[in-house]
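Both complexes shown next keep chain A, but they swap its partner, so chain B is in the first and chain C is in the second.
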Partner chain A sequence: MKRTLFIILIVSALFLVGCGNDSGNGKSKDNENTITAWAWDPKFNIAALELAEKAYDGEEEIELKVIENAQDDIISKLNTGLASGTLKGMPNIVLIEDYRAQSFLQSYPDVFYELTDYLNPEDFAEYKVTPTSLEGKMYGLPFDTGVTGLYVRTDILEEAGYTVEDFTNITWDEYIEMGKDIKEKTGKYMMTVDPGDLGTIRFMVQSAGEWYLDEDGQTPTLANNKALAESFRVYKTLITEKVAGIHTDWSQLLAGFNNGEVVSIAQGSWITPSVKAEESQAGLWAVVPIPRLDIPGGVNASNLGGSSFYVLNTDGKEKAAEFLSNTFGANEDFYQQLIEEVGAIGTYMPATTGEAYKEKDAFFQYQEIYADLTEWMEQIPPVNYGVHTYAMEDILIVEMQNYLNGQELEKVLENAQKQAESQ
Partner chain B sequence: MDKLIGKMKKNSLFIKMFLIMCISIIVVSVAITFAMLQMSEKQFIKTYSMTNEKMMDQITTNIEKYGSFGVSVIHKAEESPVVKDYLRNSDAEILTTINDYYGIRDWVNAYYDFLLPYEGINIVFMGENDRFYSSNYVNWPISEELLKTHPITKNTLKDTERVHIQFFRGTETKISQIEPTVVISKALTDANHTYGLIYISIRERDFKSMYEKYVGLNSEMYLLEESGKILSSNRMDLSEEEQNDLLQSMIKAENGGHTELHLNDKKYLLFSQRLPYLDMYLVNLIDVKELKHSLVNKKVVFMISAAIVLVALLIVFLISNRFTQSHSKLIKEIARLGQQNFDGYVSESKNYEVNQISTTFNRMLDQLHHYIEQVMVMEKRKRTAELAALQYQISPHFLYNTLASIKILIRQQSPDQAIQMMDALIHLLQTTIGNVSETHRIEEEVTYLENYVYINHLRYGEAIRVRYLIHPDSLDCEIPKLFIQPFVENAFFHGFNVKKSGALQILVYLKNDQLICEVIDNGDGIAANPQEKRHHFTGIGIENVRERIRLRYGEEFGVEILSTLGEGTKVKMNFPIIKSK
Partner chain C sequence: MGNRTKTQTIGWLFVLLSTVLITIFYFYPMLQALLLSFKSGMGNNLENVGFSNYKRLFSDPTFIAALKNTFIYLLFQVPLMIGLALVFSVLLNDPKLKFKGFFRIAIFLPAVTSLVAYSIIFKNLFAQDGIINKFLLSLSFVSEPVQWLTDPLLAKIVIILAITWRWTGYNMIFYLSGLQNIDRSIYEAAELDGANGFQIFTKITIPMLKPIILFTSITSTIGTLQIFDETMNITKGGPGNSTVSISQYIYNLSFKYTPDFGYAAAVSFVIVILIVFFSFLQFRVAGDRK
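== the complex of A and B ==
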């Protein structure tokens, strides 16, 4: 009797315990094959990543989760996260602008996963390899090219009595001369610049193989920098001769040429989709190399912007690297799709012989713009962007203001040098 | 089915007990569960309301903090000559424009740090001179074109004195995708002249982060413009009608208090608070049903209760079964004993009460058996006495007559006959008195009858002839003493009252393993009237004879009388065959 009771009690106790335990099993396990990526610009970078996920044909199943963030947010999140020494909550893949890459690579050397074994550096445009490498090791997978081009409205040129050939492989001074004439005849600005963003200066300086910093990527070379001085001079002339108007944000830049108020655009190749967005202007545009600085070493090619993918040293880094290597690092067909579907030009050289690169774009009067841009890309002088691009630029913006207001060029650059050195 | 009902009847005590226990356990546990749920729900909602109000306070603080940042930036902008220059100067000289641009850029950068704790902010200026400044374009990629004609601008210009907070619905333009945004705006005026507007925008998702982390799972948070339009919410899909309902009940609710609201057939608790700083309302809706659901998973509670009830029932079942088992076993045994003439005992039980009953019952059975035995002995003695009395029934009358006849014979000088008669009488008396055993052989009974008949023939003459047909096989069979004689005597003295002469046959034979004795006369006979029959056989006590035979040998033996008026009487007795040793 007692034993029976005891057994009943034990059994019922177990039963109740069993009931209570049920709730513990609902925890969902994160899929091990999921890799996350941080990127900005849904129409460009994120679209490219999503295309890559489709193109991926590696052995392991991979699910890519792209989290959209503004570029500034990514920078600040990375800085806070990495500075605190934890990779918790960090993605597997992060997109970083080339100008900033060295600053991250040098500040947090152990955080990034070396990709040298996953790709062949010689496959990529040389100017992209420099910012994505540190001490001879590749850390970034070069993505889009910021190869610059001068987008011109052929109809307005004709109206003013010029041809596209007149603007091909010229110097900035020639550009300004013709621009003055066109302004007079049509009342339209040749281009717009943002005084708060020295992108124009940036690509001008690089077109002469120079930069704000010495080749070591550390020492400021603002004074006695012929390319920088020439760029400043051209910039000021563009404004004072009323060849260039100003825009203060992206929408004003786009509004300028979309509304037909601007004759040409000197920007990175990523502007192409925005130009094409104004369908009423189809057949009115052509792309030529940007003007060069009239100094020794000045070429008609440069770079503006562009970014690369980096893999963080987190769990799943091998998978993430494998994913990048399988798509952006080796797949030529994928690069054709990138051009066709996203309008993005990669820097993977073996792909440039593909069909899509030879496409004659109706919007640009059947010009082979991708082939042309790629050709110019190869001429971009490689420079070491170093770690302080935007810090230098903050200084330069102030000095540019002084220069525009009448201070001596030499003096403002010396001032800038002093400030940079004291930082 | 019948079997089941029978079984249930046998265990009815157990079933009743178990059913009562069942019902009470279930009722008690259901009642307790419900009472507990009700109480905890009430208590939970009470505490929830309290914490919710605290949460509302916290959110209010957060949003007002943001609002005060915004408002102070606006005030600074109103006072700033740089801002005024940028928005008022006309494009006379491009250098002026650039300098103005640098001016406002520096100014904004100085205050931008002020707003740095918040993500997704953009400060936008729009001037009467068509100048436009967007300090962080990415966060609110609005173009001058779009903003100029937007209701946000129109509303701001309607009341230039006030700071407005409005919702900018997300749209897609040719060049960009604009997310839903919350915009604080104000007209910048100088002596009643509006020279520009300032907008401080924050992406709705970033604005949401100011309250989202405080908002529980089943809770919906709405920030409403003064007009009732939703500024920001963790649930943006309310229709206009629902928004109106929301606004109505919000107005009804006291500031900072809570009320109930029915929306979409759902019951909500509504908490609302006015944020006077920005002229907006903070409304929190809590789905009461979901809230209760999240408090306790009723399913689990009921499952646990059901499990407990089941286990309790199982225990009750086993225990009460055990308790009543001995009881029903006792009843079963008693029923069985009843069928077996109470021959045996009920077994003892471990259960005290049942044991008492069964020992008492056993003792009672013992006594009963004892009494019955006593009665049996008494009865047996009585019977033997009766039998003895019957056996000794040679009536004095018969003896007197016989002795008188002998005297007459002697007087008539017939000594041989007298001696023969005396021999017969002696033999009769010998059989009657001398032998103590109850039975004797047929042979002896027949001799007895021959002597008796001889005496009667000598006395009354031989008008009634007697024939003996005795089967030789039956001669050594035992029968009770003097069982045939009374019927012969009866035939002599009552059977021939009318006819005066006739024949009497005495048959003894074996048939069907039975000993049959028949006394047949062809005398007067009697009517089939049982009353008369009894009367006819008064001296013998037919019933007595029959009873004795049955008592002695069993049901299938006895005496049978067949008689027809005027034709005679036949008495037939049957006995078992018992051979004499």
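== the complex of A and C ==
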């Protein structure tokens, strides 16, 4: 009797397992036109994808299914999924941040579908092509730009006796000098930085055409890196002169400028919607190029963040590539809508002469901010982000603490170099 | 005889089922992880590297920092929590205490909250403009906001406070149930002999609860060695590496940086070794040597 019960149990367990398999297979065959995409940020990336689905006018019928995930979750899902060696359950299209792109492309060869035949690399901003390519082949479709801008509160500047021109195309030292004066007169911080996130250092280094790694994307160049050393010096001066305050998470950064406690923001252009979210400050803001590092090669333009779309080597890859190529890779009108409806600035250069890019934004005193940002985008020095961005940065975060606590700059960077090499 | 073989077969079948499942889902992955820890490389491009992952551990400052932090959590947090849980449970076990149910629930409730949710609440409480700073400022205890999360020492204290808040009630429940098994007549006898409250606590309660104290300290040690959610959500391991834990480092190696699953597996075996070592130590120190 007991044995029969046991057998029934085993059989039903096997049956359940079988069921699971069936439904798994059934789903993908369910609709051959369905393309799934993983992305984060419903107001930005996902909105852009949905807009693209509407704009798509290719021959094949396509139904786009966007699955929203936090960026960190996408990374861990991709890593666990791809490491297991199977592409089951993976999407057709996935959004990957440019800083991480090489890490995925090199860690999982043959997993990504080559897009070279589906787009023209020369159509995209130069700095965007390097991270999305591997061995001369293009694997990613460049999406949004993280071109940096210095967003300034014109009214506070005026109150302290400065104009927007005073902050246009300046060096960081000039910024700090004026910042000290403004801090004294108004009591407000010029900007805030997060000690646990070296985004500020990241875009400063790139603004001088340098990076944490050599051009090969592998060899760490933390010591004897003029741009990095100068960025460290500027960062420390910002904090010790109390020109920059501290925030410890994203919401505090947003609250800082939305509440009017911070005079300027140096971030990627994707911060624009967050600035505009505080409607009471309409007409008080302007955007100028970020300050430059006072070293040879330093320019008033850089990049912070930004991501691109990748197609996985699964069933439906041609359709997915076709979809991306038809929209993000060719459709100029689509990019106009992208600006008007989502506020996202793409990196597809032929579209930048369109009407939407010339829009005068009332929030920014009728400045043509999209035209300006696009102009700066073309000046971004291209660098190879390589494979270790965040590992390098975690080393630098620790050494930055040591530097802020009084250790010598040369020594901390040499220490960082040693740690980076031992990895 | 035939009947006996039958019972035995059925018995073995039952054991077999769990043995097979445990082998497949525990021992096999452990073995694979051990093999993995002798490989290294980016993502799927793994190569055999012998012991070099284990050698790398000794010169890896992040790993050493993580190990040190985890030990600090262990040394301060486990005794603090066990002590508090003991005190609470003895207080709550007092038959004269009113609203016993209310207090018991109030102290146990943190243990049912989600790890991530409570971590985020702690992060906000101790933020620069959080309620703790506002409270201290308004009472003029401090003149400017305390840098709870960006000062290396204070950040560790916040983490320890958070884990203690979350797990004290959980351990208290074990002690409460243990206390209810102690015969009241022992206490009455002690009182008749003129023992004071402290003597009763140290001479009767603690020895009687010894197996439970052993159990809770082993589970707490294991839990603390594996601490992840709190450091990940409250401080992200910062400032610098001053709150990063071993588990968080494993996560970073596999998911934050370019994945090196081999080295991550080697780090995870350090946790295994530590847990085995500490459990053994605690058994030797506190356990019955029968």
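In this text, the second predicted complex is superposed on the first by the 394 of 423 C-alpha atoms of A that agree within 3 Å, B and C clash if a C-alpha of one lies under 4 Å from a C-alpha of the other, contacts with A are read in each partner's own complex, and residues count from 1 in each chain.
Here is the rule we go by: contacts are C-beta pairs under 8 Å (C-beta built on N, C-alpha and C of every residue); 3 or more make two chains touch, one makes a residue touch a chain.
Note that the structure is a prediction, hence the values are computed from the model and not measured.
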item	value
Partner chain(s) touched by A:Q401 [first = chain B, second = chain C, both, neither]	both
Touched partner set for A:A266, first chain B, second chain C, both or neither	neither
First (chain B), second (chain C), both or neither touched by A:V288	neither
Partner chain(s) touched by A:V299 [first = chain B, second = chain C, both, neither]	neither
Partner chain(s) touched by A:P195 [first = chain B, second = chain C, both, neither]	both
Which superposed partner A:I246 touches (first chain B, second chain C, both, neither)	both
Contacts of A:I62 with chain B and chain C, given as first, second, both or neither	neither
Which superposed partner A:N258 touches (first chain B, second chain C, both, neither)	first
Partner chain(s) touched by A:I345 [first = chain B, second = chain C, both, neither]	neither
Residues on chain A lying within both footprints (that of chain B and that of chain C)	72, 195-196, 246, 248-249, 252, 255, 397, 401
Parts of chain B lying in touch with chain A, wherever the complex brings them together	94-95, 97-99, 101-102, 105, 119-120, 132-134, 136-139, 141-145, 174-177, 297, 300, 303-304, 307-308, 311, 314-315, 318-319, 322
Touching residues on chain C, where the partner in the complex is chain A	10, 13, 42-45, 56, 59-62, 65, 123, 127-129, 147, 149-150, 152, 235-242, 252, 254-259, 261
Complex contact set, residues of chain A against chain B	1, 4-5, 8, 11-12, 15-16, 19-20, 22-23, 40, 42, 70-73, 195-196, 239-240, 242, 245-246, 248-252, 254-255, 258, 274, 277-278, 397, 401, 404-405
Residues of chain A defined as touching chain C within the complex	2-3, 6, 72, 75-76, 79, 82-83, 85, 103-104, 106-109, 195-196, 246-249, 252, 255, 387-388, 390-391, 394-395, 397-398, 400-402, 419, 422-423
